[in-house]
Amino acid sequence: MFLAKVVGTVVSTQKDPKLAGLKLLLVQNLTLEMQPTSSFVVAADAVGAGKGEVVVCAAGSSARMTENTKNLPVDAVIMAIVDSLDVNGNIVYKKSDDV
Amino acid sequence: MFLAKVVGTVVSTQKDPKLAGLKLLLVQNLTLEMQPTSSFVVAADAVGAGKGEVVVCAAGSSARMTENTKNLPVDAVIMAIVDSLDVNGNIVYKKSDDV
Amino acid sequence: MFLAKVVGTVVSTQKDPKLAGLKLLLVQNLTLEMQPTSSFVVAADAVGAGKGEVVVCAAGSSARMTENTKNLPVDAVIMAIVDSLDVNGNIVYKKSDDV
Amino acid sequence: MFLAKVVGTVVSTQKDPKLAGLKLLLVQNLTLEMQPTSSFVVAADAVGAGKGEVVVCAAGSSARMTENTKNLPVDAVIMAIVDSLDVNGNIVYKKSDDV
Amino acid sequence: MFLAKVVGTVVSTQKDPKLAGLKLLLVQNLTLEMQPTSSFVVAADAVGAGKGEVVVCAAGSSARMTENTKNLPVDAVIMAIVDSLDVNGNIVYKKSDDV
């Protein structure tokens, strides 16, 4: 899975019928130092993530393994909102500090 | 999923029989600032996308999860046409401005 | 899917038994301007592609969705031979010009 | 699969219900010379890996093929802890030297 | 699939139980000119490949399509040992020259 920050939303009316009601978010990939990169992904939301939150995304067929995304044509899903990250014994991210 | 702009079409007569009738489009990957990159993909069309439109594409096995692409040998599908994109509270793309 | 040009062949006798009779070709990835890149892939042939031809390849599990490649341990398949490509209204490739 | 070193942990309470009890670790990709790269992945743990250990990770749908990760929305799993690595006849890594 | 050279082995005792008896090899990716790159992969062996041999590897779910790797948490498999490679009419690799 990859770490990312929710930075935006996609609005679409003309889409595959199975996608009705599914929230599509723009998430920007993060480095291990919590810096945004130039990479981003459109991800389906399975956990009610909000803008600015750091999230964990699953890609590929695993993106269809949540209740929200079963059998849908989506290849990325937000499956967890991060509370905190520990890297080499240091807390490099804590949710309350950031959102 | 990734954001892309429809820039062209692929014509092919000698192909896997299951692909008959399927529209194959050339889509160019976009940055978060809506700039074209040097990357592109051949994607099956599941939503009637037209040239110049900004679209959302699903890759991998998820590309086979639309009615148009079920069980086909395709690894990328256009599954939504973008109306608008909001990044950090700014509308970075609106369909009527562009097509 | 990605665009590529057929540039070579792989000969192998010691291989997974299910691969017997399957043609493995070397295909070189192309830019949108039809220039070869330094990337290449070994792809199974599902359409009788010949050297020098521009082809469309499907990767991942979708590579197993042709009659030739069903349930085989292959992750890339040539599923169409390109007749012509239109990019932004210009024909950037036509088969008879090239092969 | 890829080689990586376990460098951290992800704490998350708001997540897909199926992920309850699953350990999510931060693993940093390694070069063939055992140097850390700037790439990292969030991986589910299927083998009880600890910080500092060198591990083998499987990605994609194969990440769901362990008892711990069956049908879960995870696309990377630690499926082996490395004891030693031999490259061109040299032992480039031995567990007891490092952890 | 990708071309690679077998350069090493992974020894692991603490691993997913389903992996017992499976040989995990280090394979280094090759350019079309048969030069090693800095990329490498840990691949399961399905064909009895030996060090120094040039091999074809399948990645993703297709890596589970050999008898040796069925349902295992592995995302790369050596499924063919290369006898020779022809690129643009030139033999760029022949097994007897190399091993």
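Order of writing sets the labels: A, B, C, D and E. Residues in every chain begin at 1.
By definition in this document, a residue touches a chain if its C-beta (ideal position, glycine included) is under 8 Å from a C-beta of that chain, and two chains touch if they have at least 3 such contacts.
Bear in mind the structure is a predicted one, so any value in this text is a computation, not a measurement.
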Residue-number overlap at the subunit B/subunit C interface, same or different (half cut): different
Inter-chain centre distance, subunit A versus subunit E - centres from mean C-alpha coordinates, in Å: 33
Averaged-CA centre spacing for the pair subunit B and subunit A, given as whole angstrom: 21
Multi-partner residues of subunit C (each touching 2 or more other chains): 60-61, 63-64
Arrangement of touching chains [line / ring / star / complete / other]: ring
Starting from subunit C, with subunit E taken as the next chain, the full ring order: C, E, D, A, B
Residue numbers on subunit B that touch subunit C, as the complex places them: 7-19, 24, 26, 28, 38, 40-43, 51, 60-61, 63-64, 71-76
Residues of subunit E that touch subunit C when the two form their complex: 1-3, 31-32, 46-48, 56, 58-67, 69, 77, 79-88, 92
